[in-house]
Structure formats: structure tokens, C-alpha cells
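Structures incoming, each one as C-alpha cells.
Next come two complexes built around chain A: one with chain B, the other with chain C.
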Partner chain A sequence: MKNFDVRWLYVVLVLAILIPMLRPIGIPVKIGTWTKAVHEYMDKLNAGDVVLICSDYTAATENELGAMRDAIVKHLLKKNVKSVLIAFNSQGAPFSNKIVAMYGRAGKVYGTDMVDLGYLAGGEKALTSFFADLKRSTGKDVRGTATDSIPILKNIKTLSDIRLVIETASGVPGPAEYVRQAASYGTPLVFGLSSGLVSSATVYLQSRQAIGIVSGLQGAAEYEKLTGQIGYATSAMDSQSLSYMTYIAAIVLGNVIHFNSRRKPEPRT
Partner chain B sequence: MSTDAGVWLGGLLTIAVFSLMWKENPFYRVAEFALVGVSSGYALTLGWENIVNRGIEPLMKGNAVVLIPLVLSLLLFAKLDKKSAWLARYPMAVMIGLGTAVSLRAAVKTDFINQIGATMLPLTTLDNVIIVVGTLSVLTYFFFTVGLKSSAQQRGAQLGRAVMMISFGAQLGSVAMQRAALLIGRIDFIFRVWLGIVKS
Partner chain C sequence: MRKELPVLLGSLIAAIVILDYYIKHPTVQAVAKEVIDWGILMSAFALVLASVNLLRKHARAVIRREKNSPYSFILLVLLISMAFFGITQGSKSTVFTWLYDNVLQSVSPSIYASVAFYLLSAAFRTFRARNLDATLLLLSAGLVLVGRSTIGTLTWDGFSWLAEWLLAVPNAAASRAVLIGAALGMVSTGIRLLTGIDRAYLGSE
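Moving on, here comes the complex of A and B:
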């Protein structure tokens, strides 16, 4: 087995993902406590409340974060909640457009129900100035309108005037930077994170500095189930589960082969 | 099958990237260089837009304060010439100093005091016991000041090492999950969006 061609493993992995797409199995989605906490908090928002949605992720994680963004925004639209959109990651800016489009399709008006403030460079330093004065730090929105004349921002000066921050992230700035910079304003935080970032963010749940986390594709599927709006994440769950099983099988098989080969004496030459 | 040229381009580039799994080839190289080029161009455009919107335009309107960051930014280019390279130390000092100050200002409360507070738990549930014992054992592992003299300290440090290994394993598992989601996304794109073999 030492000469095993690893490309066979790739073939098995692709089949493990593709077959459930062609013939869905329907593995049940169990709701986790983190996603439930996010959903419960969002469900308590009132019509007209303004939330901040930050798209701090790259195209590589759009598959995970896009699914959860869609599920969360559908929930916000159902509750008639308004959104201020911004990105502190340069690649995240185009994803705000998708939220604007969703609001548009729901008959909402740009500038009154949502506004896209584009990309603000500077990472954590930009977060500091943005939270201190949302309008002055950005100056104008992506359409070139001065922030002072945008209706949704009329009564908003600092982060304290925002009802909730929804941070979707796959790197830096991420949960740690948001917790640090939002702490003094008292605005609650929820996170929608790529799977790789979740383990480092859970400490903020335990210390109650964040409401909850929607974690990766699994979290997106859980959120879809909670809102009763079945979408892409739910349909991808079968493929996800089978790909994990392939991982586990490969790890177990690799270890068995490794320990077996160690036990056998080397053949004499 | 899609008739959208953008979808076709995306599909062909995805296949070109996946072709590396077979072996190194020119199609993969083209896709790789295209990604680097497009990313650089995008970052440059966005950066320039930021300079115009938040630097040049306010300056034209008479806001002289923006001259400070603009001049500091220009000083970064002093690195290009050996004689004037020292000038670039000023913007670097401002960036590093400001970054550290901004982080530290809040980190003491959020990453230190609040996290210590979150670990002071009653040992009434298994979760709490794991958190308290796990934290103390990992701290013991990093207790370098006077060394690990007693056997209790040494056992604590061994447990701390095991706790760290479990934590690293969980992190690696999370990254593997992320990669699986990425692969699912690309396969879904090829077979549903591009080829239309998988029905929505």
C-alpha cells in the first residue's frame, strides 16, 4: 500500500460529494445551540430596527458564508429590519451587492431600508473610526451619495445607535477585532464564520461577549431549517456528511496501514 | 447546460485548477497567474478608490488634515531609494504604534479580564470542570519562570499538552470542514450551474 496513488482518494472524495447531489439521501440537520441563539436573538428584532452587516470574507469562502448570508437576510426581510452594509476586507465588498439585490427584490428602497457603504481600508484601525462615527469615517456610500443625506443613517452616529452587528468573516478583521472594538458601545454581536475560524471564536461565546455563531455550511443549513426556508446549504448537507465520512475513513485507513507497516520487519536484501 | 460565457469561463478555470491533482500542467499555470493578476488588479483599483474618496477629494474641498496621512503614505515609497529609505520608518512607526495602541486599548478587557472571568466557574457540571481544569493545565505547561519542580506540576503540564493537542486537532478539523465546503461549492458549480447535470 506504500505505493498507493493518492489520486484515487481524490476520485473517491469527488464521488462522495457528487452522488448525494444526484440522489439526495436526506440526512437530518440537527440544530446546534449557537445557531439557535443567533436565530432567537434575530427573531426578537422589531420592524424598523437597523442592523450592521459586515462582509469580511473572501471569494474562497463564499460557498459557506454566502449560504448563511442569504438565510440571515431572508430572516431580516421577514422581520422588516433595515441594514447598513460595509466590508473591512477588500474582497468582501462585492458581497454587499448581493444583500442590496435581495432587499431590492423584496421591494425595499435603497437608502431608506438598506445602504451599502462599500469597503473601508485599515483593518482594526478602520473598525475603530467607523464605530466612533459611521458617517464621517465613510463620507459617502458606493453610489457616491454623501452619508449625511442618506435617510437610514439620519439617527445613527456611533455603533451604539445600531441594534445588532452581524459579522460574516473568514479571516482578519474577524471576531477578535470586532469584540475588542465594539465592547465599549454595548451593541450585541453575532458571528457568521467560515468553519476554519470558528474554534478561535468560541471563547467569546463562553465569556458572553457575543450572542452566537452560525458556523460554516452546517450552521447555514441549521439557520435555513430554523427559518423554514430550505436553500442551498440544506441541499449540500448530504455531500458534506459523506465527504466527512470519506475523511474519517481515509484517516483510519492511513493509520492502520502505517502501524501495520511498522510492525512488519523490513525484508532483507 | 449554461449558455452564460461567464459561467463557462468559471467552469473551465475550475477544471484548470483541479488539473493540478493529476499533474503540473500549463492550464493550471494559466489559471494560477490569472488569479494572481486579477486579485492584484482588484486590490489596486480598490486601494486607489480609497485614496481618491478619503484623501484627494476631501483635500480638494479644503480639508487640510488629510494631508498628514497622504504625506505619510507617500513617505512609504522612500524605501525605493537606499539614501532616503530611512524616511519610510516614520509611516511604519505610526502604523505599528497606532495598530498596537488600538488593539491593546480594548484587549485588556475583552481578551484578558473577561476571559479570566469566564473561566471562574462553579465545578457543578462536566463542561465547567473541563474548562477550568483544561485552562489551568495549559497555563501550567507554560509556567517557565521557576520550572516544573513537583510531580503534580509535571502531570499538570502533561495534561496541558494533551489539552492543546485536542484543541489543535479541533482547529485542523475545522479547516478540513472548510475545505470540504469549498470543494462542494465547486462541484455544485460544475455539475449544476455549468453542465446542468444536477437539477436544482
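Moving on, here comes the complex of A and C:
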């Protein structure tokens, strides 16, 4: 047992992910308090409110955060909420295209119901500049239209004029940067984060600097259940759950081998 | 003067940005905004600099036919083609979007997914109850894994509550300590940079 080949665990992990994809189990998803808090707040938005959606994640986490983004945007469309899109991560900018396409399919008009302001380099400096003056810091949208002439931005100058900030992130800039820069404007913050970033963001929930966190693929599945729009995240939860069980099994097996080897001393040669 | 002037300039610019936080006067805000905009321009330029550096390094590898030069060649082809189509046709063009969706967005998650196997191997080898600290770490990791899975919450509702409590209370406490420590460190480093005590950013003699 001491010479157990860990590659058998790799095989188990692959099967744990593949089998539920081919034959779904349908384990029910339980709603967590953090996701519920986000959903309840967004349910109170009114038609015509303008929110800021920031796509600050990389292509590597698109499968996780894309599902979350889709669930949230479907909720916004249901409430007829308008969106201003921006990215402070260079890889996040193309994901705004998907939000524009979702709005387009729902019959919304670009420039009036949503606008894509592209990517602004500079990390936290870009946040400072953008929140102080949304129009001047970008100058024009991705289609080359001057921000002064875009209808949705007509009454918007600073972050205070935005109803809610929805930040989707997998790295930097992340929750810490947004909390630091958005604090003086009083605009509520909601985070959609990859699982690895959640543990460092929970501090902002207790201090009420953020309303809630949609955490990884599980958070996306919970949000899909709350909005009644079952999608990719829910279908992937069976695979995720079984893969988590594989990790638990690996930990247990590792400890069994460890205690077994401690109990049986090596034979003297 | 060669070293004093950059330090003086750095201190002056930092003072303007710090003043903007405390003094809400139009002139101060306007000057601070201009300074920050210049900072954004320099960040954008740094991206270009990084790309040029990457280009030089891998071009040298290809020309000299070093050990991993085929991979350097592939990197150069993709880097140049994405830059070319992005600059000439825009980031919303068909070719750029195709390259982003079918190359970057396929390869990145695949590399990220391979981390799962490293983590599995690490979980097997290192999460061992060797002492009290290791046992507590192992138990909390296990509880969070179970609590964040649908199978765990189906078995017992309490797992979900336990996982959230672990993240919201002990983890948050430790995170706060790290955040405060990091913030104090940043303040200390900032004061050292602004007063010219630390001149490492000026480079060597």
C-alpha cells in the first residue's frame, strides 16, 4: 500500500468528471447565503437602473465565471436593467462581447440599454480614474463613438451615478482594489469570483463593504436555481461534487497509508 | 542631482495624489486626475514593453535553435498574428475573435484544468495528520470540500453551514490580519519611497 501509484487517483478523477457529464445524476443544489444576498439585492433593482459590469477575469476561468455572468445578465434582462460594460484585465475585454450579444438577442439597443467601454489599462490606477469620471477616462466606446454622445451615459459622470457595481474577477484587480476605490462613492458592490479568490473576499461581507459573493461554479449554479434559468453551471455540479469526493478519498487514503506505515516498522536488513 | 531630482519628482506626484484623497478642491482633483491618467498611459506602455521583450527573447531562441525553439516559434506566430489582427482590424474583428475564442479560450482553461491533477497529488501526499496543526488544516479543508459540494449538503444540511462559517469566521480573521499587515507594510514602504530613504527603483549606479 505504501507504493500506491497516485496515477490511479488521476484515473478516478477523470471518471468522476466524465461519467456525470454523460449520465447526469441531478443532485439538488442548495442555495448559500452569499448568493442569496446577491440575488435579493438585484431583485430590488428597478427598470432603467444602470449597473456597471466589470469583466476582470482571464480566459482560463471563463468556464467558471462565464456561467455566473450569463445567469446574472439574464436576471438583469428580466428586470430591464441597463448595463455599462468595462474590463480592467486585458483578457476580460472580449467577454463583454458576450454580454452585448445577450442584450442584443433580448431586443435591447446598443448605446441605450448597454454600452461596452472596452479595456482600460492601469489596474487600480485605472479604477481611480474611471470611477472619478467614467466618460472622460475612456473617451469613447469600443465602436469608436464618443462617450459624450452615448445615451446611456448621459446622466452618468462618476461612480455615484451608477446603481450597482458587479465585479467578476479571478485575480487583479479584485475585491480589495474595488473596495478601496469604490468606498468614497457609496455605490454598492457585488462580487462574482473564482473559487480561489473567495476566501480573501469574505472579510468584505462582514464589514458590509460588499453585499454578497457569487462563488465559483457552485455560486453560478445557485444563481441559476434562484432565477429559474438552469444552464451550464447546474449541469456541471454533479461532476464538481464527485471530483470533490475524489479529493476527500485521496486525503483519507493518504492518511491510511501514513498511519499504516507508522504502525508497521521497516524490517531490518 | 541625478538621484535627488527623480526622488523629488516622485514625492511631489505622490503628494498630489494623496492630497486629492483628503482635499476635495477642483484644482487639486484636476491635477491629480491628470497625474493618474499619465500613470495609466505608462501602464499601457509597459504592456507593449513586455510584449517586445517576449518577442526578443523567443526570436533569439528560434534563431539560435535552442532546446525549446519549436515552442518559441509557435508563441511568436500566435503573438504576432493576434497583435497584427488586433491592431489592424480591431479587437472585435472576426479573425481576432476567432483566435481568442478558439485558441486562447481553449488552451488557457486546459492548462488551468491540469492544476487539478497536481492538487490531487498534493492532497494525497501532504494532507497527512502528522501533528495537531496538520490535523486541523486537514479537517477544515475536508469540511470546506464537503460543504461546497452538492453531495455533502444532500447528506447533511449542516455541512454547508460549517463550510460558510469556516470561511466567514476563522478564515476572515486570518485574512484581516494579513490585510492589515500588508497595509501597514505598504504605508511603511510608501513613506520610505517618498522620503527617498529607499532608492531601489532608481536602479544601480
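The working rule: the second predicted complex is superposed on the first by the 268 of 269 C-alpha atoms of A that agree within 3 Å, B and C clash if a C-alpha of one lies under 4 Å from a C-alpha of the other, contacts with A are read in each partner's own complex, and residues count from 1 in each chain.
Simple rule for what comes next: contacts are C-beta pairs under 8 Å (C-beta built on N, C-alpha and C of every residue); 3 or more make two chains touch, one makes a residue touch a chain.
No experiment lies behind these values; they were computed from the predicted model shown.
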Partner chain(s) touched by A:48 [first = chain B, second = chain C, both, neither]: neither
First, second, both or neither for A:198, with chain B first and chain C second: both
Which of chain B and chain C A:125 touches, first, second, both or neither: both
Which superposed partner A:104 touches (first chain B, second chain C, both, neither): neither
First (chain B), second (chain C), both or neither touched by A:181: first
Partner chain in contact with A:151 - chain B first, chain C second, else both or neither: neither
Touched partner set for A:60, first chain B, second chain C, both or neither: both
Residues on chain A lying within both footprints (that of chain B and that of chain C): 10, 13, 60-63, 90-91, 93, 120-121, 123, 125, 128, 176, 195, 198-200, 203, 206, 218, 240, 243-244, 247
Residue ranges of chain B in contact with chain A within the complex: 21-22, 42-43, 46-47, 50, 53-54, 57-58, 98-99, 102-103, 106-107, 109-111, 114-115, 117-118, 131, 167, 170-171, 174-178, 180-188, 191-192, 197-198
Chain A-touching residues of chain C, taken from the complex the two chains share: 29, 33, 36-37, 39-40, 43-44, 47, 90-92, 97, 100-101, 104-105, 108-109, 111-112, 116-117, 119-121, 123-130, 138, 141-142, 145-146, 148-154, 157, 160, 164, 167-168, 171-172, 175-176, 179
Touching residues (chain side chain A, partner chain C) in the complex: 6, 9-10, 13, 27-30, 32-34, 58-63, 90-91, 93-94, 97, 118, 120-123, 125-126, 128-129, 132-133, 137, 142-143, 176, 195, 198-200, 202-203, 205-206, 218, 237-238, 240-248, 250-251, 253-255, 258-259
Contact footprint of chain B on chain A as seen in their complex: 7, 10, 13-14, 17-18, 21-22, 60-64, 90-91, 93, 119-121, 123-125, 128, 139-140, 176-177, 179-181, 183-184, 194-200, 203-204, 206-209, 216-218, 232, 236, 239-240, 243-244, 247
